[in-house]
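Listed below are the structures to be examined.
Next, two complexes with chain A in common: one pairs it with chain B, the other with chain C.
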Partner chain A sequence: MSRWIRSGIRVVAPIAAAFILGFVLFASAGYDIGEVINGLWQGALAAPGSAEQSLRWAIPLSVISFGIVITLRTGEFNIGAQGQILLGGFGAVSVALLLPDWSPYLVIPLALLFGIIFGALWSAIAGFLKVWFNADEVINTLMLNFIAALLIQWVTTGPLKDDATRGETASTPRVDQTFRLSDGAGVSIELIAIVLIAAALAWIIIERSPFGLKSKLVGSSPRVAAWQGLQIKRIHITTYLLTGAFAGLAGALEVLGPSARLVTGATPTLGFTAIVVAIVGTLRVPGALLAALFFGGLQAAILYLPIVSRLPSSGLRIIEGLVALLITAQFVWLRRRHNRRREL
Partner chain B sequence: MTARASKDVVLRCEDIAVAYGDVQALHPTSLAFEQGKIHVLVGQNGAGKTSLARVLAGIIQPAGGRFWIRGVEARETNVQLVRALGLDIVHQRFTLPPNFTVAEALELVSARKYAGAFYSHRRLAASWLGELQQAEMSVSPNARIRDLPIETIQSLEIIRALAGQAQFLILDEPTALLSPGGVENLFSRLRQLRNAGVTLLLILHKLREVLAVADTISVLRAGRLVLPPSDIAAVSEQQLSDLIIGEGATGEAHAEATSKRMARDSKAVNLALANVSTRQSEAEPALAALSLEVEAGEILGIAGVEGNGQRSLVNLLTGLMPAQGGALRLLGRDVTKLKHHQRRSIGLRVVPFDRIAEGASLSLPLWENVAIWKAERFRRSRFAPLRIGAMKAAAEKALDQFNVQYESLEQPAASLSGGNMQRLILARELADSPPVVIAAQPTRGLDFRATQYVWGALRRLKHDGASIILVSSDLDELINLSDRITVMRGGRLVAEFAPPFEIKGIGDSMIGAMR
Partner chain C sequence: MEQFVVTTIRLSAPLIFAGLGGLFSVRAGVFHIGIEGLMLAGAFVTVGFGSATGSVWLGIAGAIAVNMLLSFVYWLLIDRFKADMIITGLGLTTLCVGGSAFLMNALFNKRGSMTSAVRLPQPVVGPQEGLLAYVSELSLLAWLLPIFVFIVWLILRRSRLGLQIAAVGEYPYAAEAAGVDISRTKLVAMLVTGLCCALAGAELSVGGLAAFSENMTNGRGFIALAAILFGSLEPIRTTLAGLFFGLANAVGINSQIYGGESNIPRQFILMIPFVATMVFVTLRGALSQRRISPGG
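Presenting the complex of A and B:
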């Protein structure tokens, strides 16, 4: 039991420290802290509809973070979820728009499947570059994010352009109402059920499959893995496919759920926030679910805060960044201490 | 006691203690070392030798106690301060940065002051060339550290320490990575230093080496000093091994056990290489048209100075390195093109060279370390989830069979001592009585008792009919275990010996062309 308490403290302490640091920063810049705290509270939970908003953001964050848990366990820093979400949305919206007359019972699973496939293949590009050429995955996944954004821009202003929209944000036409999994608020039984199924699958893959155990060994000691005859390249490619699959699923859920269409510049930083979610969730599926609820609340508050406080929403992004920074710093510190103890 | 020591004492410790968390690595220990002698400190793994050395070198903070170097107390835990007082350490694993040139590396870590405000390549090289020549080393100051053999790097570490005017030099297991010839060279160099007035403290494992070089000997056991520095002539070999291991221990307890099953057809050749070559690797020569055979129930020892192709040979046999021509047969099947995991499924097992980097994952729990490579066997069908309970039970059985001491299957492998970790590796590799085993340096860095255990396990396996290739740089080990010994030099098998083995002949052919 004390192990659970200790790892709980390890997660909560840096988050608390991040908020305190953030508040000190805001206060020294002249913002009213009471107002900010109130805005956070209102935006995440108290104001009418805000709890639903929190859940709405927790849904994609959790699904993406499952994939990131897998990739971080394997030791691959795939930070391309951002682009993989877009490709997933593209796959799903294409199916929905190309087959408008089919039954929703066929189109919805097909759209989800294509979202998953598109996301997985997009991620696999970086995977193959890594396995074949040992090309750095951080740079490749990051750059693929930009390419994905431009691709979506082209799609929404070209082949799948919605002629009704005029203005800066281009988008595809809306998908048929019968294909949608939720209304604009983005919370429904269907979506929550899909998240739970995804969580169960992710848990089995990570904790109860040879791939899950082996990827952990590859991530922690690649040379030991090689001497144990593990097929490291195959494990790497599988990792990239899975990470992209979960991000692609999240993208598909967005276009079949709250957004109903693919918009340029949509879901600005979910793919990066999900990395923090995975780390805060201690690289475990249940942890990631809890952390997604927390960061979903923060995301809702970020969007709500400018309404009640003068603090711009980027202020809360600073807190998010501080959480990531402090948790990483703690990891490094724990490892150092661990290593010192070993030198006995 | 006063802080001012008698003239002869160069280093004095009072109640030095070391604790890591709850673990008391070194109980309060007081001892003094006289000037101009080779002092040797021995003890099993985890006896506290390295902890003591690191306190003296200013690397770790003692839990208590004080020490004086040439009468001056070292008041803080500070490497620079201790160096300024004239004490330096050469670590078990070397600390010179591999990408640096010799001159750069020496300059970076030495206490010597560079004359001038800015560095230039030429002046830097010139300034260290003198030191190198003085030590009779032929290495160029512009060579990269990573391209140098281990023995040269170690000599550089010593030069680095002496250039800082060290009067007291600690060497932590300096022989662990050296060939027998290298050990002799090191010892004669250490004797020269002693004759020049430098005081040395060596941490050693092997009694034979201790007896060859020590002026005085001290023994640590389980964090306590059981023998203060004593004249080597005053202690017998038997007394020493009793002191190191403790009362009533029987090192040979595991050595021989009854065979569980009769030897297989003793004529069967389980492993055969025919004219296999490899490409040159980073550190070793290419293997040239190598042929060998190992029968069932036979241990073939591979002797050789390290870096003569042993690593390539093991990589080739395991499938971690591809063969360039020739054929490799395992239990009668041609496996030349098969990968490591395929060879494993036929019956090959490996005890890798480096326990920590290759053998076990320090951060993973024990049961995963043991069972992970055969995870697929713990499913009811292709898409069924793993039966973790069954995996843990299998791991527990193997760990118990090999007497691994542990508290929980969930504890990380990092929590095991060196000997225990090697038993874990044996448990994983040998528990299912494999027909073919490659054992690479299976007892390197292990203490007497753990070594005996590993030897016993390999002998048992041989009696059960396995074919074993034993790669070792420890001639005692090879002679003790092998049925035949083959010597590797420059990527070739240059000589084969049958019992009774003759150390001198093997040693000569190991060095052969190199001299």
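Presenting the complex of A and C:
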């Protein structure tokens, strides 16, 4: 029980600190904090339709974060979820647009599958480069994010361009209405069911499968894992494929759900937020689900706040950055002091 | 042709400032992914504080002060509180992306971008045509680049501090046994990184265009990090890698302007620096199997 309380404090304290620091900044910049807090409350839960908006963002965040939980447990810093989401969306939208006359019962599973495959393969690029050539995965996944963004820009202004759209945001044509998993609000029984299935699969992979056990060993003590004769390279590749698969699924859900099409520059910060979600969720699936609900609410409020309190959406970006800054720090004052005395 | 060379130098200069600055941290064993954010903070504070005070030098001084403060906080978190350096570095970058956009809005009431009231002097004011006309586009910081590279080389390769930084990064236990204060050496290295990233941001924002826009670094900090890796953590080779990335970028921009008849879509040419970075990181990894690991 005390373990639960301690890990709870370890998660809640940095988040509270981030909010307090953010509010101090907002107040000194001349914003009315009461208004901001009210806007957060309204935008995340209280205003009509806002709880639905929170859930709408919790759906992709949770699915992406399952993959990130897997990668971080293995000790690999695959921070390329952003690109993998876009590729997943690309895979799904391609299927839906190429097969407009097929039955939805075939197209929807196929589109989800292609989203998963595209995301997994995009992630596997960095994985293979790491395993074969020892290429740094942090840099490579970051670069793949930029490349994916440009690739999607090309797709939406070139081969899959929607001639009806005007102005600056290029996009593909809308997918057929029968292929959609939800309306524009982005919450439906189908989507929630898929999230729960993904959560169950992720939980089984992490907590109940041989792979989960092995990957945890590789992450916590690679040398012991090598002595045990584990095939570390295969475990790493599987990790990259799984991480990309979850992110790709999230991208496919966006395209078949709320957005109905692939848009240039869509959801540019979802991949980063999902990393924070995974860590706040203490690298466990149930924790990630809870954290996704929290950050989904924050995301919904980001879009709502500028309307009610004039606070620009970048204000909540600051809070997100502060959470990421503080969340892995170990503020164990007492133990540190104890250690220092022993050193003396 | 002359213009192409000058464009390359202008695009490389921020990468080299940030790359050589980051080199201090990376050599000390800190895989400093917050460089991207520090560059952006440097660009914003230079424009913001410079415009407010009317002096580009005060702007740069302010940028250096802010970046050193941010670097100190980053050091506090990863060294004193054992935070994960990659996640914390990403957080630092997000904080700077959000913070610069927020403050631009709150202090200057601008959204998206703002023009700068000040800019770096361009020391060579030559004739309107020929080579000198292009060279005159180079800012003072770009002209000072060779001296900067030499100073960094001198510190890292020929000074006691440089030796201590390398020892802390390569053999921390040996360094500690030899009486080097690991924490303090890392702090010094990270403060230098912050200072150099302020210069990189200043060159980016007031070196040519004299403007700041949201997220204007757009991955340059990450490319600078890649230049460090490809430069095998050596100052001269990092500089050359920075020049090469600038060249790749210049090729992309040039073909955008002049490549009217080519069939290659613009986006693929803009990908060149990112793809080149991946190729180099991979080559570098393959050539030396030594892993520069987070936490190493």
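Here is the rule we go by: the second predicted complex is superposed on the first by the 330 of 344 C-alpha atoms of A that agree within 3 Å, B and C clash if a C-alpha of one lies under 4 Å from a C-alpha of the other, contacts with A are read in each partner's own complex, and residues count from 1 in each chain.
By definition in this document, contacts are C-beta pairs under 8 Å (C-beta built on N, C-alpha and C of every residue); 3 or more make two chains touch, one makes a residue touch a chain.
Everything numeric in this text was worked out from a predicted model, so none of it was measured.
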{"item": "Touching partner for A:I204 - first (chain B), second (chain C), both, neither", "value": "first"}
{"item": "Touched partner set for A:F133, first chain B, second chain C, both or neither", "value": "second"}
{"item": "Which superposed partner A:K216 touches (first chain B, second chain C, both, neither)", "value": "first"}
{"item": "Chain B versus chain C, judged by how many residues of chain A each one touches", "value": "C"}
{"item": "Chain B versus chain C as contact partner of A:L160, first or second or both or neither", "value": "neither"}
{"item": "Contacts of A:W227 with chain B and chain C, given as first, second, both or neither", "value": "first"}
{"item": "Which of chain B and chain C A:L61 touches, first, second, both or neither", "value": "neither"}
{"item": "Residues on chain A lying within both footprints (that of chain B and that of chain C)", "value": "none"}
{"item": "Residue ranges of chain B touching chain A (in the complex, touch as defined)", "value": "20-21, 23, 25, 46, 50-51, 54, 60, 318-320, 339-344, 350, 352, 357-364, 368, 372-373, 375-376, 379, 385-386, 388, 414"}
{"item": "Chain C - residues contacting chain A, complex", "value": "31, 33, 73, 77, 81-84, 86-88, 90-99, 101-103, 105-107, 111, 214, 219, 222, 225-226, 229, 265, 267-268, 270-271, 274-275, 277-278, 281-286, 289, 291-292, 294"}
{"item": "Touching residues on chain A, where the partner in the complex is chain B", "value": "204, 207-210, 213-214, 216-217, 220-221, 223-231, 338, 340-344"}
{"item": "Chain A - residues contacting chain C, complex", "value": "25, 29-31, 77, 79, 129-130, 132-136, 138-140, 142-144, 146-147, 150-151, 153-154, 157-158, 269, 272, 275-276, 279, 312, 314-318, 320-331"}
